[in-house]
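Dropping the structures in below, format is structure tokens.
In the two complexes that follow, subunit A is the common piece, with subunit B as its partner first and subunit C second.
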Partner chain A sequence: MAEFAVVEPGSVAEVLDLLARYGEEAKLVAGGTWVTLVLRQGLLWPSLLVSLRRVSELAGIAVDEAGNLRLGAMARLRSVETLPLVRERLPVVAETCRQVANVRVRHQATVGGNLCDADYASDPPALLAALGARVVAVSQRGRREIAARDFIVGHYQTVLEPDELVTEVVVPALPPEVGAVYLKYRTRSHEDRPCLGVAAVVVPDRDGRLARAEVVVGAVAERPQRLPEVLEGVAGRALDDATIAEIAERYAAGIEPLSDLRGSAWYRTEMIRVFVERALRVARQRARWEGGRS
Partner chain B sequence: MIISQEFTLSAPRERVWEFFLDVPRSSACMAGVEDVTQVDEKTYTGRIQVKVGPLRATFGVTVELSEVQPPERLVVQVQGNERATGSLVRVVVSASLHPQGEQTLVRYQMELSIRGALGRFGGTVIQDVARKMTEQFVECVERSLAAPAGIDRRSDG
Partner chain C sequence: MIDAVERVTGRIRFSQDASLPGMLHAAAVRSVVPHGRIARIDTAAALEVPGVVAVVTGEDLRRLPGLRPVYGPQIEDQPVVALDCVRYVGDIVALVAAETLQAAQEAAALVAVECEELPAVFDPLEALEPSAPLLHELEPERPHEGTALYFGIRPQFGTNCCNLFRIRRGDVARGFAEADLVIEETFRTPAIQHVAMEPHAALALWEDGRLTVWSGTQTPFNTRQILAEIFGLPVERVRVIVPPMGGSYGCKVFPRIEPQAALLAYVTGRPVKFVLRRDEEFVTLTRHATVVTIRLGLTRDGRITAKEVRAYWNTGAYADCGPDVARKGGFGIVGPYRIPHVAVDSRCVYTNLPPAGAFRGYAVTQAAWASESMMDIAADALGLDPLEFRLRNLLRDGETFATGETLHDVHFAECLERAAAAIGWEGPWRHELGDGRVRAKGLAVVLKGMTTPSRSEAKVGIDRSGRVTVYSSTVELGQGARTVLAQLAAEALGVPYQEIRVVDPDTARTPFDNRTTSSRSTYMMGNAVRQAALALRERLLRIAAERLEVEQADLELMDGSVRVAGAPASALKFGELVEASRQEALVEHGEFRNQGGLDPDTGQGIASSHWHQGAGAVEVEVDTRTGKVTILHAHASVYAGQVVNRHTAELQNLGNIVFGLGSALFEELVYEQGQLVNPNLSDYLIPSFLDLPERMTHDLVERPGAEIHGLGETALPTIPAAVGNAVARAIGARVTELPLTPERVLRAIRARGGERG
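On to the complex of A and B.
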């Protein structure tokens, strides 16, 4: 295993200073569920581990004036899952976090850590992408917001620069008429990582038609999969069974899945079709169709 | 994992063959390769560092040209040892070269197996990365062959 020093700074400013000085030599530790694993496997060779556990300003969960849910990077998945504020404002976020691993892991794993690990077989990234969440990153050079759907770019690879720290994830408020869901499909044990996960959001318009749909499929490729040409094509249509089946079919055809122990590429293609369809049906059910569904 | 692919190179078969058999030159097309040394007529050693996001693994590699039928068929056995994780990667590449006028069609099959901690932790990721590295390798070979003869770095003699 690598030899490294461990520091526990107490503020964001101190963390940014360390990152500016050490760059790629430093590795941030949030909940440590992933970093511990890769360190022990001999796949990560930092000279400095920067623990974020004393940086209390990163742990908050709040709703801002605009109604956005602001999840601190160090917020534990278990807190997101159980906090009444989240369950009332954005129940789909709590629901998704509840499906990650097991309760012991969720007590440790964090919102920011989960995104930054960029493991393909993960639940929250697909949902955050579908909800249009933004990732806030800061460094001594400044602050920027990155769309969650652009954040992960490859296996264990994000758009973050070595001197940047994720401070929070901002999830926009969902208007009451919007229906949203995350369906996780496990092929082995209950606490397993997903074979695939589908996040679906449907936004009805006043005439009972589909104003906008978001569908993001996670755990099937190196990054969450979203097919903009399919989503743009169905806007303005009735969200009937035929439209749902068409979206599911085109997602199954448009994604080139990987194979792993949780499912072959062929099997994943079949399951993408099944679960995109199911997710859209649930999202349709959860949406409020003022004008009646046409 | 077995990958079967084909690609066409814009160079005649003899040139493609010569390029592949020149291991120091063709291996330079694989990102992260260093210290390529010839051991005997058919065997080379070297190292390759593979980076995936913040993760990295360095393999000590032995390459054996186990079947050489110029200028048609080549079988290469690659064995990689990763000390930090105690993992073993084995790759067998069988390639056949088919002349198509001034171009060459290359058909290859690659069989990849991983043993040890790396296989348990990241087998899927490694397969995905191997596929990408192969794509990059092919692109680089195309570029190298497209470069006018005489300006490559071997022409120092």
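On to the complex of A and C.
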């Protein structure tokens, strides 16, 4: 392992100051579950580790006046999974976090760390993208909000600048008629990362048609996959089995998956078809659908 | 377990915890090419690192006088540090000793190694092609010098085959001619890793020309012998002490890092500790990958007329105990069946991959995967119930196995019938739940030999305080050996087993034992301990009879004393009897041997002095749209003869089921051009609690008056085979290669023309 210093600042302002001064020489540590691995493998050589452990303003989980769920960057996945507030307001968020890794990792890993390590085989990023969540990033230069779906840009790459800190993730409230689900599919142990994960959100209109659908497939390519042309094409249609099958087919055809030990590209294509369909069926069932279910 | 409290409170000092003042830490420089000739090693930068005391290369090793630089338990083919060649990605090219682990690892990273790459070979069949690069030049004059050889070995000189074991029984040509039906199939298994929680750890100390090594090893005496040979010492000057281990499952059978730690200690004159990192564990020892082709001759009424087997065991760059794995697998693969004509060619083959060796199940998991899958294929071809087909052919008491030996105390049918009943075999073997989900059941039955010939010795003593001590070289690796041996001594001496002290194996203090392997310890060492304890009992009775002036027959042992039966007032405490004998302690010795051996060219003889017998049965659910297999119920029935400790015996059965399901469903080491792709626990998964079947049941089959039968491994090999058979039944197609990943299962479904999206 490299030689480095460790600091534990107590406020966001101090963190931003350190980032501004050290730039790429500094590495933020949230839960440390990813940072520790890459340090040990010698893939990272920072001179300064900046622990966020003591920055209590980052750890909150709350609902604001507008009904948005605000997840602090340092909120542990296990807290998101178990907190009654989250389970009541956005059960799909708790449900997704519960499926990450294993309970030991979830006690340690954080919302911010999970998004920022930008591992292609993660679960929450696909869901957050499908829910239209926004990532709040701050630096001494100012504050910006980034759509979760634009946040990860490639393998282990985000849009963050070296001096930026993610402070929270804002998840908009879901109206009661909306159906949302995240299906994680593992091909090996139950503690494995996903072979693929599908987040699906369906919004019915007053006539029982599909006002809007969101489908994001995670862990099949370097970043979560969303096919706008498919989603735009189905708006206004009945969410029947034929529509679901069509969306699934077009996602399977439209994504060029990678191969890894959890499944070859061929297999992933097959599974995109199966799980997009299954996810949409569950989402439809969860939505307060008024007719249109032929 | 007698050490349960120590265990859960973290007070057990494992091998990894061993330390000495002034101790140095070791790190290894490892090859990054699968096969190459070492051109140059530059250690200058490494030696500059503050705290580094020594960097040792093959050249240094060769310059040390009186050292034998190459070792191996069965074939001496493994250098302590690479001499001219590297043979796999992970081979040790140089060793570093430094004041801190960090300095050692930093220096290791700075050793520059230049290699001329040589052609490499990874597949055992390709490795046997005439054009394949040779890994070793085995010579007929010194083909096999290993000290752990207790059987004949037949390398095929000039090839990469380091052992060819054969069985020739009857005449297979005739057997196939008599058959109504002949079927043939090829099966594969991948390399997998043991993933013991505690890694390999050893600490070596030289004092006055004597070597002491503390090491987590299942083989203290083999390790002592091999270290003595490397350093040219009489065995009395080498001492191996074995603290309890945090698991092994075979990966700590035979020396693995002890020669390297001892070499660094020799060169530096300081104690040296060597602990492997997890990624190093993955390239240090694996389970043999296999390719097995079976031909079976069958009659319409469901008899097996002939079996022909060609088995290839990929042993990697060094033989380790691969020759014996090929031998034990060679007869294991015949299965517990009555077959008049048998021909087996079982080859252990070198390739440029990490060495493979002992692994819980020892060859039988791979053997059963092939042979028990084949039994189901045969039953299907004949239109017979797979249970009925097996029962017609299973060996019964007094029948002859393919090795020519007559089997006694035979319970294959009973185990199999119990397992089948446990999962409701009489019900439908397959049923569809709709939505592409199918449930189905599968069976497997195995036989597994125990190391034969072998020997275990023990001492049991009582001191003046009346304390009973068991001296045994059986290693505690979490299986509860200490507890079971204490129990057996306690039974003979009438003391609570919790009060018995069991001394950790120490070649200077505890008597000889072959090794803690092949599920032999409760039986072999158990008998030696029992014998010693009974001898001690006799002696106590004799002394007490003299003192109390009564007949020995009127005495009884109770609560640490001897008394006239029914007369507590007459009790003489053990300690008093020791004093009365004017000794510091009374110590008795016990010894237990088993005899046998096989002719390597015909496989005839005694393969095992008694047999481990077990059956497995599972019910699975297959999602035919994804290929994902879920095990709903797994059951193992294992012949135990006589159970010594029910709790630990049950844990062995359950642990074996868990191990088996990892092998069945997802464990696999993946190599790209010899480079391991998944040397960590994020990319190589083992079963977690959430992976366990909804129902996991088992039974221990006992018989009054029977011998103890080991059961540390028996259930394991049944599981992958039973799962494979259940999956084949569910999908109507056969996956011939482990593990049964969803992708393999889906491909098999598609190949059959089934289910799509």
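Everything that follows uses one rule, which is that the second predicted complex is superposed on the first by the 289 of 294 C-alpha atoms of A that agree within 3 Å, B and C clash if a C-alpha of one lies under 4 Å from a C-alpha of the other, contacts with A are read in each partner's own complex, and residues count from 1 in each chain.
By definition in this document, a residue touches a chain if its C-beta (ideal position, glycine included) is under 8 Å from a C-beta of that chain, and two chains touch if they have at least 3 such contacts.
Quick caveat, the model's predicted, so the values are computed rather than measured.
Novice: Which partner does A:273 contact after superposing on A: first (subunit B), second (subunit C), both, neither?
Specialist: second
Novice: In the superposed arrangement, does A:45 touch subunit B (first), subunit C (second), both or neither?
Specialist: first
Novice: First (subunit B), second (subunit C), both or neither: which does A:264 touch?
Specialist: second
Novice: So, A:125: does it touch subunit B (first), subunit C (second), both, or neither?
Specialist: Touch status of A:125: no partner.
Novice: In the superposed arrangement, which partner chain does A:155 touch: subunit B (first), subunit C (second), both, or neither?
Specialist: First partner only.
Novice: Taking the superposition on A as described, I'd like to know which of subunit B and subunit C A:197 touches: first, second, both or neither.
Specialist: neither
Novice: Does subunit B (first) or subunit C (second) touch A:185, or do both, or does neither?
Specialist: After superposition on chain A, A:185 lies in contact with subunit C alone.
Novice: Go through subunit A and flag every residue that touches subunit B in one model and subunit C in the other.
Specialist: 37, 42, 261
Novice: Show which residues of subunit A lie in contact with subunit B when the two form their complex.
Specialist: Per the stated touch rule, the residues are 24, 27, 37-38, 41-45, 118, 120, 154-158, 222, 258-261.
Novice: For subunit B, which residues are in contact with subunit A within the complex?
Specialist: Where subunit B meets subunit A, its residues are 1, 52-57, 84-85, 117-118, 121-125, 127-129.
Novice: Using the touch definition from the top, list the residues of subunit A that touch subunit C in their complex.
Specialist: Residue positions touching the partner: 1, 37, 42, 102, 185, 187-193, 195, 248-249, 252, 261, 263-264, 267, 270-271, 273-274, 277.
Novice: Which residues of subunit C touch subunit A once you look at their complex with the stated criterion?
Specialist: 102, 109, 625-626, 628, 665-666, 670, 677-678, 682-683, 685-688, 690-691, 741-743, 746, 757
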